[in-house]
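One structure, as C-alpha cells, below. Some questions next.
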Amino acid sequence: MFTSFAKKSTLAGLLVITAVAQPVLAADDYKLGLVTFLSGGAAGPFGVPAQNAAKLVLETLNSGKFHAPYNTKGINGRTITPVFVDEAGGATKQASEYRNLVERQGVDAVIGYISSGDCLSVPAVAEEMKTLTVLFDCGTPRVFEENKFKYVFRTGPTATMDNVAASRYINAEFGDLAAVSGINQNYSFGQESWADFSDSLNQIKPDVTVSTRQFPKIYAGQYGAEISALMVNSAQVIHSSFWGGDMEAFILQGSARGLFDEQTAVLTTGESAMYRLSDQIPEGTVIGARGPFGIYAPDSALNNWFREAYTSRFGTAPTYPAYKMVQGILGLKLATENAAAKVKGHPSTDDVVAAFEFLEYEGPGGKVSMSLGNGHQATMEMVYGRYALKDGKPGVTNVRRYASACVTPPEGVSSTDWIAQGMPGARCD
Amino acid sequence: MRYATTLVVIGAVALLAAGLVMPGWLTFLLTLALAKGLVVLGLLLLMRAGLVSFGQGLYYCLGAYTVGIAGSYFETQNALYLMLLAVVVCVALAALIGLLLCRYRDIFFAMFSMAFSMILYGILVKSSSFGSSDGFNVKPPLLFGWTPGGETSPLMAYGLAVVAVTAVGIFAWHYLRSAMGYAGEAVRENEIRVEYLGVSVRELIYKKYLLAAGMAGLGGAITALSAGHIDPEMAYWTTSGEFVFIALMGGTGHVAGPVLGSVLFELIRTYAFQISPYTWQMILGMALLAIILYLPKGIWSLVDRVTKRATA
Amino acid sequence: MKLVIAMLMDGVIYASWLFIIAAGLTLIYGVMRILNMAHGSFYAIGAYAGASLVGFYLAGGYPPWGAYLVLLGAAIFSGALVGILIERGLLRFMYGRDEVVMILVTYAILLILEDVIKLVWGVDAYFAYQPYTLLGRTKLAGLSFANYDIALIFVSASICFLLWWGLNRTRQGKLLQAVIHDRDTASFLGINVTRMFTVTFVIGAVLGAFAGALTAPGISVMPGIGVEVIILAFAVVVIGGLGSVGGALVGALIVGLARSASVHLYPDAELFVIYGVMALVLAFCPQGLFAIATARKI
C-alpha cells in the first residue's frame, strides 16, 4: 500500500517543482522593488499615492528630465524598472516576499514599507541578504533605536518627532491649556503616538490633565460612543493620530455632532484629508503632515514641479506619503551616484552604503539629513499649523516650524527615555 | 508498516538534502509552509471528527510568543527546548479551554474557538512591552550550543520543520488508523451511536483538541524561529481562516493533504503577489473556488486519481 | 445622568447599525444554512454604490433631500444585482455541501469581490456626507447627537418589524418558516425550495447593501470596509442564535450596549468586549440565546 503512497508523493513533489519553475530575467536595468499597500484600508491614503509618486518620478528620472541635480538618466545611467509588491499579509509574509524580491526577481534595491511591523521584520532579512533597503514611511523609532543595521536606511522622520512637535505646538498656541484628551487607534502607532504626545506635554507643562483617552479598534469606522465620551469629558484639545478613512470618518461624525465647537482637534496626519474634506474640517483645527510635506513643503523649484506634475496626472494634490516616496527614491539615486563618482565606475552595495550614511540632500519637502541611527535615520524639520479656509480654498495659518534638533532625541538615546528625562539637549529657536 | 515509515523517512532526508541546493527564498517559503502544515495537520484531526476550529491561530500565536518571550527573557536559545516549551504551554492552555470547548459542535465550536483567539489578539495588542501590534524580533536560535550564522540560519529552521512535519505526520497517520482515529470519524457521522458503543465522545474530542493545540504551537514555534519576527496578527481570525482554507485546499483524506495544501497555498499566493500585485486576492479566491468545485476532496484527490489511473 | 444617557444612546445607535448588517446574515443562514462571509462585500458594494451615486446626484444640482432615495435605490439595485449573480451563477451549484465548505466558498467570493470593488471604484475614498449633515443635530442632556444616527434607530426598527411581519404574517413568509425549520419536509410538501433560496439570498444581499449605503454618509468609503464588519456581524448573529431575526436584534443590543459601556467606563477593554460577550453568552447558552431547535439524528 505504501508503494502507492510513494508514487503519490513523487507526483506531488513533481507538481510542486513545476509550479516553482521560474521566469528568467537578465538586463542592465536597475531593478527596484517597491513595496506599499495596494489592498486594504492603507492602500487609498498611503499605498497608492506613494505608488503613483514612484511611477511619476521613475518615468521622469528614466527620461533624464528630472529637476537638477537629479537630471542624470535613471540611477547611475541605468534605466530603473520598478517591481511593485503589495505590503499586505503581515510581517512574516513580508519577510518572505522580501526574499522573493531579492532572490527570485533579482532587485538591486528595495524601497518600501508603511507598516511599522514590516519595518521591524524586514531589516533583519535585508541584512542577511546584504541588499540596500530604504524604509520610506513607517514611523516607529524602534527600528534604529533597538538595532544597528548596515544595509537599511529610513529617509522619513519618526513618529516621535510628530508628536513632540505637536505638544510643543499646542503649548505655544494655547496659553491657558489645562486639559487634553486623546483618541487614537488601538495598535502600535496609535498607542505610541499618544504616549509620546502626552508624555512630552507632561514634561513641557506638568499641570495639564488628561480628560479621557480613547483607543478604538483600527478601521472601526463608527465613533459615536467615543465622540460622546469626548463630549462628556471635555478638554480644550483632542489629540488624534488617526489616519486615512478612520480620521475622515472621525472628522465627519465629530463635525456633525458639534464636537469641535468647543474643543480643538490636533490631527497629526490631518493634511492628507484637508482637500477631500475641505468644508468639513473645522477652522482652527491643528493639522500636521508628518514632516514638511504637502502644504508645508517649501516653495522650491523641485516641489513646485512635483506638485504640479502629480496634480495634473492624478487629479489630486500629492499628500505626504507621495512626498516621502520621492524622498526615498532621490536619496537612493544620489547615494548610488555619489558612490559611483567616488569609485569611478560601478559601485558595490557597500560603496553605496558608505555614501548614503550621513547624506544630506534636498527633496521636495526640503532638506533631509541622514543624521541619526549612525547615519541611517533621516531627520527633518517638523511643521504644524491651523486649518483655515482662504477665499474658499483650504489653507493653513499660525504655521510654526520646529528644527529637527528641537523634536528629536540625540544619537544613542531612545525616544521614550529622552521624553521621560524631559527632552534634554533639545535646541528650539 | 515499517517499510512505509522507512519510505517516508527517506523522503524527508531527500527533502533535507534538497534544502542545500534550493534557492533561499524557496527554503524560507517551504519552512513557513511546513510550519503552517503542522497547524493544519492538527486541524485535520479535528475535522475528521467533524469539528472545524476557526481559532487555531490562538495556539499558533501562543507557540510563537512562547518562543519569543522565553528566548529574550529567560536566556534559552536552544531551538529544541523552545519548541518543546511552546508545545507544553499550548497543550496546558488547551487543557483548560478544551474542557469548555469540547461540549460544542458545528459553527458554535468554530466561533467559540475564534473568540478565544481574538481575546489573545486583544491582549497582545494591548501589551506595549511586547511591542503591541508591531510585535518584536526573536533572537536567532541555537541548537545545543551550535550557532548557525547568517546563511545557515534559515537552513536550520528548514531542517527543524522537515523533521517536525515528518515526525508529526507519521504520528498522525498512525493515530488516524488507531481505534481512536476511527472513533473520531464515527463521531462525525453519528455521535449518539458512538456513545452507545461505550466511547466517551467528550474525552475523544478533548484529546484531539489537545493534540491539535500542540501541533499548532509547534507550527507557531517554527514560524517564530525561522521568520525571526512575531506579531499578534498570528492570532487574528484571518490567520485561523487561512488554516481552514489550506485544509480544504489540501483535502482531509490523507495526512499528506495539509502539507501539500500548505505548500501549494504559499506558492499560489507568492506568485499571485508577483504576477498581479493589485488583484492577487482575486486569483487566490478563484483558485479556492476552482478546487472546491472540481476537486471536492482537495488537491490530494488529484494525486489519488492520477495514481489510480496509472495502476489501472 | 449625562453619562447614563450617553451610554444608552450610543449603545442603541450602535446596536441599530449592527442589526441592519446582521439581519441579512442571519436570514440567509436561517434559510440556506450558509454563514455568508461575502455579506461583508455586499455591505461594501452598497456603501460604494450609495456614495458614488449620491456624489453624482448632488453634483447634478438636484434637491439634497432626494439623496436619501438615491441611497435606498443604490442599495436595492446593487444588492439585488450582486445577490442574483452570485446565487444563480455560483452558489446553486454548491448546495448540499458541508457548512464549513460553504463558509469557505463565500470567503472565496469575498476575496474576489474585494478586488472587483477595487477595479470598479479604485482605491480612492468616496464621500457622501451631505445626507449625514443635512438632518442637523439634537441636544439631549447637554450632549449633541446627529439626527441621522437617531433616524437610524427608526430605520432599524422598521426593518425588524418588516422582517417579523413578512415572516409571520404573510403566506410566503410562513412558507419560508417551514423551510427554515425543516427543509426536506417543506420540499416534500411542494414548496419550491430552490426559488425560496434565491429570493432569500437576494433579500439578504439587499439588506447587506442597504446597511452599507446607510453607513456610507458617515464614513470614508474605501477598500477593506467590508472585511471589518463581517466578524462583528458574525458575533452578533452567534450571540443571538444563528438564523433567528429576533436573536440578531437582542444580540445587536447586547453588543452595542456592552461596547458603549466599555468606551465610557473602561476604554482599554473596547478591543475585547465583543469577543468577551460572545464567549460569555456561549459559555451559558451553547447555541446562542435564541437557537432554532434541530432534531438530533439517532
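The chains carry the letters A, B and C, assigned in the order they are written, with residues numbered from 1 in each.
Just so it is clear, a contact is a pair of C-beta atoms (placed from the backbone, for glycine too) under 8 Å apart; a residue touches a chain by one contact, two chains touch by 3 or more.
Source: prediction; values computed, not measured.
Peer 1: When you draw the chains as points and link the ones that touch, which shape shows up: line, ring, star, complete, or other?
Peer 2: Complete.
Peer 1: Once you count every C-beta pair in contact for both, which comes out on top, B-C or A-C?
Peer 2: It is A-C, judged by the count of C-beta pairs in contact.
Peer 1: At what distance in angstrom does the C-alpha mean of chain C lie from that of chain A?
Peer 2: Their C-alpha centroids are separated by 35 Å.
Peer 1: Give, as an integer number of Å, the spacing between the C-alpha centres of chain C and chain B.
Peer 2: Computed value for the inter-centroid distance: 33 Å.
Peer 1: Two or more other chains touching the same residue: where does that happen in chain A?
Peer 2: In chain A, the residues touching two or more other chains are 38-39, 186.
Peer 1: At least two other chains touched by the same residue of chain C: list those residues.
Peer 2: Within chain C, the residues that touch at least two other chains are 114-115, 118, 268, 271.
Peer 1: If a residue has to touch 2 or more other chains to count, which residues of chain B qualify?
Peer 2: Within chain B, the residues that touch at least two other chains are 125-126, 278, 280-281.
Peer 1: Which residues of chain A touch chain C in the complex?
Peer 2: 38-41, 43-45, 47-48, 186, 212-217, 219-222, 224-226, 228-229, 231-232, 244-245, 248-249, 252-253, 255-259, 276-277, 280, 316
Peer 1: Touching chain A in the complex: which residues of chain B?
Peer 2: Listed in rising order, the residues are 3-4, 7-8, 11, 23-26, 28-29, 32, 125-126, 128, 131-137, 150-151, 153-154, 223, 227-231, 233-234, 256, 260, 263-264, 266-267, 269-271, 273-274, 277-278, 280-281, 300, 303-304, 306-307, 310-311.
Peer 1: Please name which positions on chain B make contact with chain C in the complex.
Peer 2: Residue positions touching the partner: 47, 52, 100, 103-104, 106-108, 110-112, 115-116, 118-119, 122-123, 125-126, 190, 192-193, 237, 241, 244-245, 248, 278-282, 284-286, 288-289, 292-293, 296.
Peer 1: Which residues of chain C touch chain A in the complex?
Peer 2: Where chain C meets chain A, its residues are 2-3, 6-7, 9-11, 13-14, 17, 114-115, 118, 123-125, 127, 129, 132-133, 137, 143-146, 148-149, 215, 217-225, 227-228, 259-260, 263-264, 267-268, 270-271.
Peer 1: Report the residues of chain A in contact with chain B in the complex, numbered from low to high.
Peer 2: Residues in contact with chain B: 1-2, 4-9, 11-12, 15-16, 19-20, 38-39, 84-86, 89-92, 95-97, 99-100, 102-105, 116-117, 120-121, 124-125, 128-129, 140, 142, 146-147, 186-188, 191-192, 195.
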